[in-house]
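Following this message is one structure expressed as structure tokens.
Per-chain numbering from 1; labels A, B, C, D, E, F and G assigned in written order.
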Amino acid sequence: MAQDRQERPFDLLNKVIGQHVLIRLKNNVSIRGKVTSFDAHMNIVLESAEELNSDGEIKAKLGTILLRGGNIIFVSPV
Amino acid sequence: MAQDRQERPFDLLNKVIGQHVLIRLKNNVSIRGKVTSFDAHMNIVLESAEELNSDGEIKAKLGTILLRGGNIIFVSPV
Amino acid sequence: MAQDRQERPFDLLNKVIGQHVLIRLKNNVSIRGKVTSFDAHMNIVLESAEELNSDGEIKAKLGTILLRGGNIIFVSPV
Amino acid sequence: MAQDRQERPFDLLNKVIGQHVLIRLKNNVSIRGKVTSFDAHMNIVLESAEELNSDGEIKAKLGTILLRGGNIIFVSPV
Amino acid sequence: MAQDRQERPFDLLNKVIGQHVLIRLKNNVSIRGKVTSFDAHMNIVLESAEELNSDGEIKAKLGTILLRGGNIIFVSPV
Amino acid sequence: MAQDRQERPFDLLNKVIGQHVLIRLKNNVSIRGKVTSFDAHMNIVLESAEELNSDGEIKAKLGTILLRGGNIIFVSPV
Amino acid sequence: MAQDRQERPFDLLNKVIGQHVLIRLKNNVSIRGKVTSFDAHMNIVLESAEELNSDGEIKAKLGTILLRGGNIIFVSPV
């Protein structure tokens, strides 16, 4: 686990490309989906995205979405 | 699927030019329409735009609109 | 309709100079008026501006107004 | 009315120096007063400023005020 | 009253150094105090600051405070 | 009290390093503690920090905290 | 404890790499977890993150999360 540089938060986004994440948004909505891409503003494209209610049940199937980073509270690999 | 560069979120907007998208806004309004253009702030021009209520029913026909990127939660091809 | 460059959202504002638009604001107010000028922040000057309530009825005649771009949800030619 | 350059929204502020304007703020307060100066952030100094309630009645006499541009929805000459 | 340059809003802050002002904040709180210093973000240091309720009565004596400019609606000399 | 330069608001933060301050936050929470360090964004580290309710009573002992400047309304030496 | 330079708030984040912190967010949610990395925007990656309710009880186990700095009120070592 030798490192040439200090780990940075966006490294986590790099690791989850192609994997499923749970994203909590400011309006208390949660979105689950597979990460396709992201940028420096934390804008994220998800495939097979699903909107979840506060009990974690699927509220809507959204397909592919481009999510604006500014609305994100946290991103978590699942 | 060879790539010369890493995919980025805005590539999705490039792909949906001329296609219909559903856009969820911060005030819980959703807008559906055909993408004509976009810029780096995620400002988007839609043609044949329709405002949808929370049940997905058409609330108002808006025609052509220039939508400010700052109000967008997500953009989804439909 | 040959184009030398990609269309951008602000091109719509250029086209509606001298024409009437409907502008939806964040506080659920809508304003209708004739566009005189705009800038890169989407600040817009309207002549003969009218404030509309949620039923689209005229609530107040505002005359000439300088509208701050940051409050705009969308601009639509009418 | 020949013009050497395109009109811009802030030109309206230049024209109303020394004149009375009505300014609608985000918190539904309106302020009326005589414009003394403004800057690129739309910060505005008003003399003889009065705070108006939603019926347009005078709620408070404020004298000279420096108003932060970020709270402004629109500025209208009266 | 000859002027070598156009007056700017922050000139008002320069003039009130050492004088009392009333500052209206976004959360409907008003603060009164003597201006000691300010900067380009409208951050302001007040001495002998007092918090006022909506009736203008003293709610709390705050002493010296450094007020963040971003919360200010307006500053008014008293 | 001769001065080589104009006083600035952040000078107050320099003076209170090692001293106790009361910090009012946007969400109506107040925090009291001893200032260890600060930066240009008004991010502040407090030691022996205590969260106070609106009556000024201690609601929680927080120990050392790094407070984001963007949430601050004012900082006051106590 | 001789110092070559003035201490800065982000030094606290450097010290808590690998340690547990409590993070208070704007929406009154608190998150506890072990800091893995952070950046200049105060974006923070936590391992073994837990969401706490206002009584400090565990509401949800979140695993690894990337938390956006903009939602943070304060970070406190525990």
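Heads up, the rule we're going with is that a contact is a pair of C-beta atoms (placed from the backbone, for glycine too) under 8 Å apart; a residue touches a chain by one contact, two chains touch by 3 or more.
Everything quoted here is computed from the prediction, not taken from an experiment.
Steps from subunit A to subunit C, minimised over paths through touching chains, total 2. Fitting subunit A to subunit G on C-alpha positions gives a rotation angle of 50 degrees, to the nearest 5.
Here the spacing of subunit C and subunit D, counted between their Cα centres, is 19 Å. Between the CA-based centres of subunit D and subunit F the separation comes to 34 Å, rounded to the whole angstrom. For this pair, subunit A with subunit D, the centres built from the Cα atoms lie 43 Å apart. Residues of subunit E in contact with two or more other chains: 70. Considering their complex, residues 6-13, 26, 28, 42, 69-70, 72-78 of subunit D touch subunit C. Within the complex formed with subunit E, the residues of subunit D that make contact are 25, 27, 29, 31, 36-39, 43-45, 49, 62-68, 70-71.
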